[in-house]
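After this come two complexes, each holding chain A, first together with chain B and then together with chain C.
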Partner chain A sequence: MHEIWGVAGLVAIALGLSLMLSDSYALKVVTWLSLNVLAAIALRFVMLVGELNIATAAFWGVGAYTAAIATVWLKLPFGVALVAGIVAPALLAVAFGFVTLRTKGPYFMLISFAFTEVLRLVYTQSDALGGNSGMIGVYPPRWLDGTYASLVVLLVGACLVGFLWLERSAFGKLMRAIENNDAVVASVGVPVLAIKIAALTIAAAAAGLGGGLFAHANRVISPGDFSFLVSVYALAYVKIGGEKHILGAVLGATFLTLLGQYVLSFGQYEHIYFGGAIVAAMLIFPEGMLGLLQRWGARLGLVRAPEPATSRGGH
Partner chain B sequence: MERAQILHIEGLSRRFGGLTAVSDLSFEIYEKEILGLIGPNGAGKSTTFNLITGVYRPHTGKLTFAGTDITGKKPAEIGRMGLVRTFQHGSILSELTVYDNILTGAYMFVRDAGARDRRVRETAELVGVSEMLGDLARNLPHGHQRLLSIGIAFASRPRLLCLDEPLTGLNGSEIGHALAVIQRIRDGFGTTVLLVDHNMHAVMRACERIVVLNFGRKLAEGTPDEVSRNPEVIQAYLGGGIT
Partner chain C sequence: MELLAQLLANTLQIGAVYVLFALGLTLIFGVMKVVNFAHGEFFSLAALIVAASMPLLPAAFPSWLNYLVALAAAIAAVAVLGAIIYRIGFERYLRDLVGSFILSVGLILLLQGIMTEIFTASPRPVDAIVTGNVTVLGARITAQRLLIMALALLFTGLLYVVLQRTRLGKALRAASEDREAAMLQGIRYRTISLYGWLIGVSMAGLAGALMAPLSPIQPAIGADYLIKAFIIIIVGGLGSIPGAIVGGLLVAAIESVCGFYFDLTIATIFMFVLVMAFLLVRPQGLMGHVER
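Then we have the complex of A and B:
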């Protein structure tokens, strides 16, 4: 419980800091950073049941297109557009999960990858959705001028606290139990498939919110924004930050987003430096930045040393 | 004395390719008894177990649990009805704490958080892991891991508890402790127990009745005394020549 209040406090501090910013570039970075955090924690939430959900990008895209349609075509209020962008991918996730989460091993990951790319191709072929050039004019309402970044921080922060609360609840423990040994969990009567579908649906709703916020931050969306790379970057944030705790995803997303802004100045070599940083991080601190901090803390006698890495295979 | 049946197995068969693992197997488990299921390696014990708990579908036969036909039902459905099992290997949630392990077993059966906490602590006490509730299950000694796997299953307070080789790898005093736990579960809660194990001596000691399998068929059935004097059983275990 203290932990959840602590994270809520961090969110409040971040929100306060974002309200003090006025530089438009800084506000943009805060928005991108927060959205990257949301993608990372949405991806990580499904990792708790032991599945790598590449379709995080797909649900992100469905949320973005749905919210954009609501705003641009239907001229619905911003709040309604965001909610539509949450509900549509959540419903899609129920159907998608019902079919695909029965598989064992790497198949869910592969199917979710294929699903993401298929949806992206559908956008490019759909004239109604603007084909390759996508949709334009996805404006946030006037009253959010200057405070849009803070709204993103607030909503992402709420998701962060919500995800942590769920993870610590009995439901969250059941999710980790399923990741650990689903046969044992099923033997005591737990409907494993239903729990996995619920986890996927919750994560898809959060990803959809991210997509809606992304669309209104960017004002323009196109199919290329929703390729599987969105999930690959999110995975990098989780892995580099440290996957044991949700704050690892925050740390990883923050570090890599800021690094990404810096390496932009390297022009075409950007991706080389970015990729190099990821490889170096995994070699130097395999438990992520959080594991590294914990090790330093333990040396100073502040916290307990991390448990030795487990022998089970990761993603 | 006629006792009520809790599980009725009739004409159960299962083949794997050309191999018939279990063939036309019938026996009953009576309420509140501890029934042993024994047999040489490859006799079909594990297959029988997996058929009873819904992991495999039988090719023929019928399973009736507490008056309900459970043939072809899924493991989780059967578990919710009160027929719960442990597994031979890796029957614990190694990356979770002992507390969360037992909590998983109680999850579907106790909705209230306070009652669930009491259920977890009571179960931990019963199987003897209450000193280590906060430890990761994988850090427990082997003997305690075995007891924990019984704890996960029993946290659901099943009507029929099926234990698949719970004594493997335990030393003498640990076996005594595990058998005492099984006894306490039966005596204190009226739970029926199906016990499969290789440790003949322990099974003879713990069970009132024993079913012997060989080559997927029932070879003998009776009290430990009757079974251990049955010439066919002796032959199956020791090979021909000794009668």
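Then we have the complex of A and C:
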């Protein structure tokens, strides 16, 4: 319980700091950083049941398009648009999960990859959604001028605390148990498929919220914003930060987003630099930055040494 | 009848390339239990090397000879790059799905960035290797397509024989089936997984080198093949060799027919819908057996 209050305290500090910022560039960085954290924790949540959900990018995109349609075409209030952007991907996730989560091994990863890329093709084919050029004019309401970044920090912080609470709850323990050995969990009468679908749906709702916030922060969305790379970056945040604790995702997202801001000044070399960073991190510190900090801490006698990184899947 | 023959010829030609590509992916998964998301980059690299080196080879030689030289060079380059990547990276992430996934997508970004730097992003067409048309069963096909099709079928058959008959092939299949049992029989897992990886990425390179004369090549082209290869593998069953062959031809048939009446993007979307419907009935794939 202390842990959850601690994280909530960190969120409150971040929120306070964001309210003090007035520089528009700094506010932009805070917005991107928070959205990256949200993508990372949404991806990580499904990893708790042992599945790599590349469709995080797909649900992010569905949330963004739904919220954009609500704002641009239907002229609905901002809050309603955000809620629509949460509900649509959650409903989609129930159906998608029902079909795909019964598979074993790496199939879910492959299907979620294909799903993401196919949805992107659907957007490009749909003239109503603006085809390749996407949708424009997704403005946030006037009353959020200057405080949009703080709203994003608040909502992402709420998701962070909520995910941590779920992870520590009885539901979270079942998720971990399913990751370790779903056959044993099923043998004592736990509905494994239903729990997996629930985890996917919750993560999809959070990703949808992220998409809606992203659309209103960017004001323009196009199919290219929702390729599988969104999930790849999210996974990089989780892995580079350290996947054992939810704060690892925050650490990884912060580090890579700030690095990304620096790298963007190189322009065309962005891909090389980001790819290089991911590959180098995987080779140099496979347990992530949290693992590295823990190792240093252990050397100084502050904390216990981390267990060696466990491999997953591919029995 | 002529339309049917035309569609059939088209299916066999793209199908053979898909089969080669998917076989490499499924072979790597079988032995290493790693999904190589960077598979498409090996495809693009080989295709780009063929496209870039063909104009440099002496025009005095017949162009089919130049093509074969370029093809051999491309596959050699892919194999060398593959060996380096294996030694530095994948060797540490054998049988680790998540770790190898991140490594391979990091490689997608890295390799695609480097290839765009070297070869630029603009599509490269290749001059025709052989000219003229051939009529088979009432269908007119360019001689070039027929040649590529023959080469692809030849290599697929060759790989199939290697996997089924030779000691190496048997060791590869044994290691895919059950690593511990294979090791108990004296099969060196690490050596075999390196061979499996090298054969796998060379298959991707071969598919790329064969596609180069048929469609303009640019660095991002590998990604299109990756989605289709995933669909093939989901339908055929991961690690299944017959599954990759049947799945590859099935996907090619859908693409030929659907691409003829609608367009290729619609064909891909349609394929995905079919896969979802298929998974409702058989979550383990067409040829896959139920795991554990």
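The working rule: the second predicted complex is superposed on the first by the 310 of 315 C-alpha atoms of A that agree within 3 Å, B and C clash if a C-alpha of one lies under 4 Å from a C-alpha of the other, contacts with A are read in each partner's own complex, and residues count from 1 in each chain.
As a working rule, a contact is a pair of C-beta atoms (placed from the backbone, for glycine too) under 8 Å apart; a residue touches a chain by one contact, two chains touch by 3 or more.
What you see is a predicted model; the values in this text were computed from it and never measured.
Report for A:L154: first if it touches chain B alone, second if chain C alone, otherwise both or neither.
The answer is neither, since A:L154 touches no partner chain.
With both complexes superposed on chain A, which partner does A:A249 reach: first (chain B), second (chain C), both or neither?
Touch status of A:A249: no partner.
Check whether A:V188 is in contact with chain B, with chain C, with both or with neither, and answer first, second, both or neither.
In the superposed model, A:V188 contacts chain B only, not chain C.
Looking at A:F113 after the superposition, I want to know if it touches chain B, chain C, both of them or none. Which is it: first, second, both, neither?
second
When the two structures are laid over each other on chain A, which of chain B and chain C touches more residues of chain A?
When the residues of chain A touched by each partner are counted, C comes out ahead.
Contacts for A:V7 in the overlay, against chain B (first) and chain C (second): which applies, first, second, both or neither?
A:V7 contacts neither chain B nor chain C.
Which partner chains sit in contact with A:V279 here, chain B, chain C, both or neither? Use first/second/both/neither.
In the superposed model, A:V279 contacts chain C only, not chain B.
A:I202 contacts which: chain B (first), chain C (second), both, neither?
In the superposition, A:I202 touches no partner, neither chain B nor chain C.
For A:N180 in the superposed arrangement: first (chain B), second (chain C), both or neither?
A:N180 contacts chain B only, not chain C.
Just to be sure I follow: which residues of chain A are touched by chain B in one complex and then by chain C in the other one?
In chain A, residues 183, 312 are touched by chain B and also by chain C.
Can you list the residues on chain B that touch chain A in the complex?
53, 55, 74-77, 79-81, 84-87, 90-96, 100-101, 103-105, 107-109, 113, 116, 136, 138, 149, 152-153, 155-156
Provide the residue numbers of chain C that touch chain A in the complex, in ascending order.
Answer in residue numbers: 29, 33-35, 37, 88-89, 92-93, 95-99, 101-103, 105-114, 116-117, 223, 227, 230-231, 233-234, 238, 265-266, 268-269, 272, 275-276, 279-280, 283-285, 290-292.
Give every residue of chain A touching chain B within the complex, in rising order.
Spelled out, the residues of chain A in touch with chain B are 170, 173-174, 176-177, 179-181, 183-192, 307, 310, 312.
So in the complex, the part of chain A that touches chain C is made up of which residues?
47, 52, 99-100, 102-107, 109-111, 113-115, 117-118, 121-122, 124-125, 183, 229, 232, 235-236, 239, 268-279, 282-283, 286, 309, 311-315
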